[in-house]
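Next, two complexes with chain A in common: one pairs it with chain B, the other with chain C.
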Partner chain A sequence: MKINGLKTYYYIAEGVVKAVDRVSMKINEEEALGVVGESGCGKSTVAHSILRLIRQPGKIVGGEIVFEGQNLLRKSESEMRTIRGGRIAMVFQNPTSSLNPVFTVGSQIGEAIKLHQNVEKQGIKEKVIDMLGKVGIPSPKERMKDYPHEYSGGMCQRAMMAMALSCNPKLLIADEPTTNLDVTIQAQILDLIRALRKEFSASILLIGHDFGVMSELCDRIVVMYSGKVVESADLATIFKEPQHPYTKALLESIPRINIEKERLHVIPGDVPELIKPPPGCRFHPRCEQAMGICSKEEPTIKEIKKGHEVACFLYSQ
Partner chain B sequence: MHRRFRKNSEKKNEKVHRPSRATRLFIVWRKLRKSELAIVGLSIVLFMSMVALLSPIIAPYDPEWRGTARQAPSMEHVLGTDNLGRDMLSLVMHGARISVYVGVASVLIEVAIGVSIGMAAGYFGGIIDEILMRITDVIFTLPTLMMLLLAISMFEVRGIHIIVLMIGALGWPFLARVVRSEYLSLREETYVEAAKSMGATSWRIMVRHILPNILSVIIVLATMDIPWAILYEATLTYLGFGDPMSSSWGVLLQRGYPHMQSAWWIMAFPGMALLITSLGFNLLGDGLRDALDIKVRE
Partner chain C sequence: MSETILEVENLKKHFPIYGGVLRRQVAAVHAVDGVSFNIKKAETIGLVGESGCGKTTLGRTILRLIEPTSGAALYMGRDIFKLGRREMRRLRLEMAMVFQDPYASLNPRMTIADIIGEPLDIHNLAKGSEKERRIMELMERVGLTPYHLYRYPHEFSGGQKQRIGIARALAGNPALLVADEPVSSLDVSVRAQILNLLKDLQQEYGFSCLYISHDLSTVKHMSDRVAVMYLGKLVELARVKDIFNDPRHSYTRALISAIPVPGQRREDRIILKGSVPTPINPPAGCRFHPRCYEAKPECAKDEPQLIEVEKDHFVACFGEPEKEVAT
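Moving on, here comes the complex of A and B:
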């Protein structure tokens, strides 16, 4: 799976919002890639672009998304439908509202199976029970007949996972899958994703803003800021030798239990409005190491070490 | 509920004790039963439907039978007789047949049109929404009764079926608007996005995923529109645009009007039948709103 120069813009009355602007990233087979960034930096838009689920007034205007050797942006809508759910599945942020309230959990998972696989009725039922068991729903045979409101948030997310994985996708996109769950359930869901990743040998694209969650699961991290990738490296490198000032600032704003500090570090300022981003490097108004060139030219992303790419003028000379 | 949810490391296949699963319909009934007003409504609706169905068998007199005119209610004629000497009770019972048919059939037509148009407009939005909603606006602003009179006078034969068709064909705009606004908000739900991400088609999402979520709204509105359809038919008939061969409650009202001072029962009883039936459908509609919502616990 490779994304090259993806551009997804929203055309609203006030102008063009470049939510994703020339973003490139790569997910290797059976790898878990984490995309981190503040709210509104375009990370969810990347996820939706992969499945071509961008809604009006948004539009993918450029780049390519190559999956299993084919450009998804050139596929017809009906070809896309066989890929959605079948080859690439997605888990969302709000587990309790991701399930349709008027159908039983079992019937919803069954429907997903019916869409992509040729199984007869009894087979579907067995598969649903099997999947619910795999994601750790107790007594799946009974609980498949429950409606979503009879499930807790964590169970809903488990059920969503069962649905997403029911057709053995090669890529699972998880858009902040643990954001609305409390910490203990978060940990359970992360454990589950880790276990399922092994069992189903799928690649994972994990979207989030929490470095803690990312470090639990990911092999590599991509940091996004204001619609652009600013740094990407493997997990250990990001934590030990972050290079981009934004990544550094992000890591410093995580509360640590072992370091005594009076106040938590905050990044001054706000995420820039994407409708008229600052000229040059988009982070320069908030950057502590900004130089003259930062406000004039836009840095390009460069590999500074093997597998470690940064978009910053500090490293381009 | 929390008791049932244990960590998966504990006995995974432990038997959960729970009452036997009732079907959806039975759950609705169980909830409906709890509301007294809904039961009153349901009883009225069922009673009127039974009367409509069985009127040829259970009516005490043939509707064409004639005795002494303008008899006050008595043991012999419970609701009296009309100006031509016919038994009012039998007439009202036969009238139920036509009125209930008009109400139910025209609302079915209304629902079919209104739901399709509202669904397409709300789900697709954009130019489709624009076109469909302007058509809806035009029909909505037209005075329904005038249009009905106009439409019906275009036909040479004033059959009851044509009246039903016309009431249905002109009655859908309100329902279409409600359905549209429901689709407009529900299409943004995460479960719709989730269904899309699993590869569902637009048609499937509209019909299989969203429609069941607003079924209760549609049923409630439809139930409450039934009395309106019955009243429109009565009005049309009253104005002389009805089916002259039928003897709906509207026809009875029209015939009773000139005798209101001297023989109140000729007009009062068809009017009461109309009123009670309207009330019944309204109460039932209200009760169904709660009973159909699966999120309202028993």
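Moving on, here comes the complex of A and C:
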């Protein structure tokens, strides 16, 4: 999967919201890529753009998304429908509301299998039981007949994973899969994703704001700010040698369980509104190392070391 | 030993559930079920637990925003739950709350000046220009500028709204501040601003704080002592360094090991099975025993009491024999 110069804009009465503005990234085979950023940085819009789930007033206005050699943005809606849930599956943030409350969990997973795979009726049922067992639902044969409200939050997320993986996707997109869950349940789900990843050998695009969760699963991290990619590198580099001032500041501003700190580093100000982002580098009004050029020109993303890309004028000489 | 400002004794709050044709009470949610602890002057107690463990109910009951089922809360020696309406009203000046959702806790039809000034009006603390001066001073203290004075909440970002909520809480110069998940709805880069602000204000005003959160990393950063709650009960209470360096209760240990640490991948994580049972019908014996990885037969029968296993370190677990405490 390769994303080149993706632009997804929302056209609202007040103007154009450039939610994703010339974003490029790639996900290698069997790799887990994490996209980190704060709310409104465009990370979820990237995920929705890949599956072409952008609704009015939003529109993908530029760029390309190449998946298995084909540009997804050129696909017809019916072709997209076979890809969604088939080759590319998605797990959403809020598991309890992503399941339909009036159908049993089993029938919803069965529906996904029926749509994408050529299996007869009895086979579907077996597959559902098998998948629910794999994601750790106890006594799947009975629990498949339950309705979503009879499941806890963690179990709903497991059921979503079962649905997503039931068609052996090549790419699994997980948008904040553990955000609404308690820490102990979060640990269970992270453990499960890790185990399933080995079994199904799918690539993962994990979207989130929690660096801790990212470290548990990802091989590479892309940091987004205000609709742009500001830095990307492998996991260890991001934490040991972050280069972009935003990545650095963000890492220093979170309280950590393993580091004693009297005071937290503060990034002044707020995340800018995307309707009128600051000119030049979008982080410059909050940046400690901002220079004259930062407010005038926009930095382009450059490779400073092998596999480590940064969009900042500090590194462009 | 510094002075105790709040002493909570065996506090219980059960929410009744009505059912049947006659709407009789058929069961109760045991949200808070016999909790005792104290808060000392200028100290921050972090209250952690998963959703549904009763931490928010506990915080609200202490301020009598919810009436307790039984138990006592002694504020400077006086039982809050026995006070009349007028006395309680006076006391609300000294006990303030910062809410989780800054979007919902500010009245959208009031200007910032009205919101922060309301406690001053209600308690007749200041009028006219004196009131204005107080409001400006509070705004400045929490990092807002005077030109924000006549704006409405929707014009502010989440972080600024939380600053307004804090200014309002500080208007009465409280001795105790209950902060219920004050940063969980904020952006990561804004959280640090609010956490630092709360710490600075505490130094300046010297209030005590009950910091309620599910996020152990912020609790560790903010607190002097930490209370861990599970299904309506405290399972462990100790100084912050003891909780994190030497956790005794198996639930506390699991909770700490479950935190994802940035830049680290842990393989030795303790993963608890299942999820938190319902507080309507909590398990017999130790409430944690069905999920406990060290449970013994007696855990299902008797309920462990919160005992002091080392100085200022309280644990409710049969795995911890009571030790001689040096006094």
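Quick notes
Definition applied: the second predicted complex is superposed on the first by the 316 of 317 C-alpha atoms of A that agree within 3 Å, B and C clash if a C-alpha of one lies under 4 Å from a C-alpha of the other, contacts with A are read in each partner's own complex, and residues count from 1 in each chain.
We adopt the following convention: contacts are C-beta pairs under 8 Å (C-beta built on N, C-alpha and C of every residue); 3 or more make two chains touch, one makes a residue touch a chain.
Bear in mind that the values here come from a model prediction, so they are computed numbers and not experimental data.
When both complexes are overlaid on chain A, the residue A:Asn100 reaches chain B alone and has no touch with chain C.
In the superposition on chain A, contact of A:Ile257 is made with chain C only, not with chain B.
In the superposed model, A:Gln56 makes contact with chain B only, not with chain C.
When the two structures are aligned on the shared chain, A:Leu172 is found in touch with neither chain B nor chain C.
By the touch criterion defined above, A:Val35 reaches neither chain B nor chain C. In the superposed pair of complexes, A:Phe92 makes contact with chain B only, with no contact to chain C. By the touch criterion stated above, A:Met160 is placed in contact with chain B alone, chain C being left untouched. Contacts of A:Thr184 after superposition: chain C is touched, whereas chain B is not reached.
Of the two partner chains placed by the overlay, only chain C lies in contact with A:His265; chain B stays clear of it. Comparing the two complexes, residues 152, 155 of chain A contact chain B in one case and chain C in the other.
Those residues of chain C that touch chain A in the shared complex are 50-51, 157, 159-160, 187-193, 195-196, 199, 214, 216-218, 220-221, 244, 254-266, 269, 271-272, 275-276.
Considering their complex, residues 1-2, 4-6, 8, 10, 12-16, 18, 21, 125-126, 189-191, 193-201, 208-209, 212-213, 215, 294-295 of chain B touch chain A. Chain A makes touch with chain C in their complex at residues 38-39, 152-155, 182-188, 190-191, 209-216, 235-236, 238-240, 249-251, 253-258, 261, 263-268, 270-271, 286. Of all residues in chain A, those touching chain B in their complex are 51, 53, 56, 81-86, 89-90, 92-94, 97-103, 111-112, 115-116, 133, 136-139, 142-143, 145, 147, 149-150, 152, 155, 160, 163-164.
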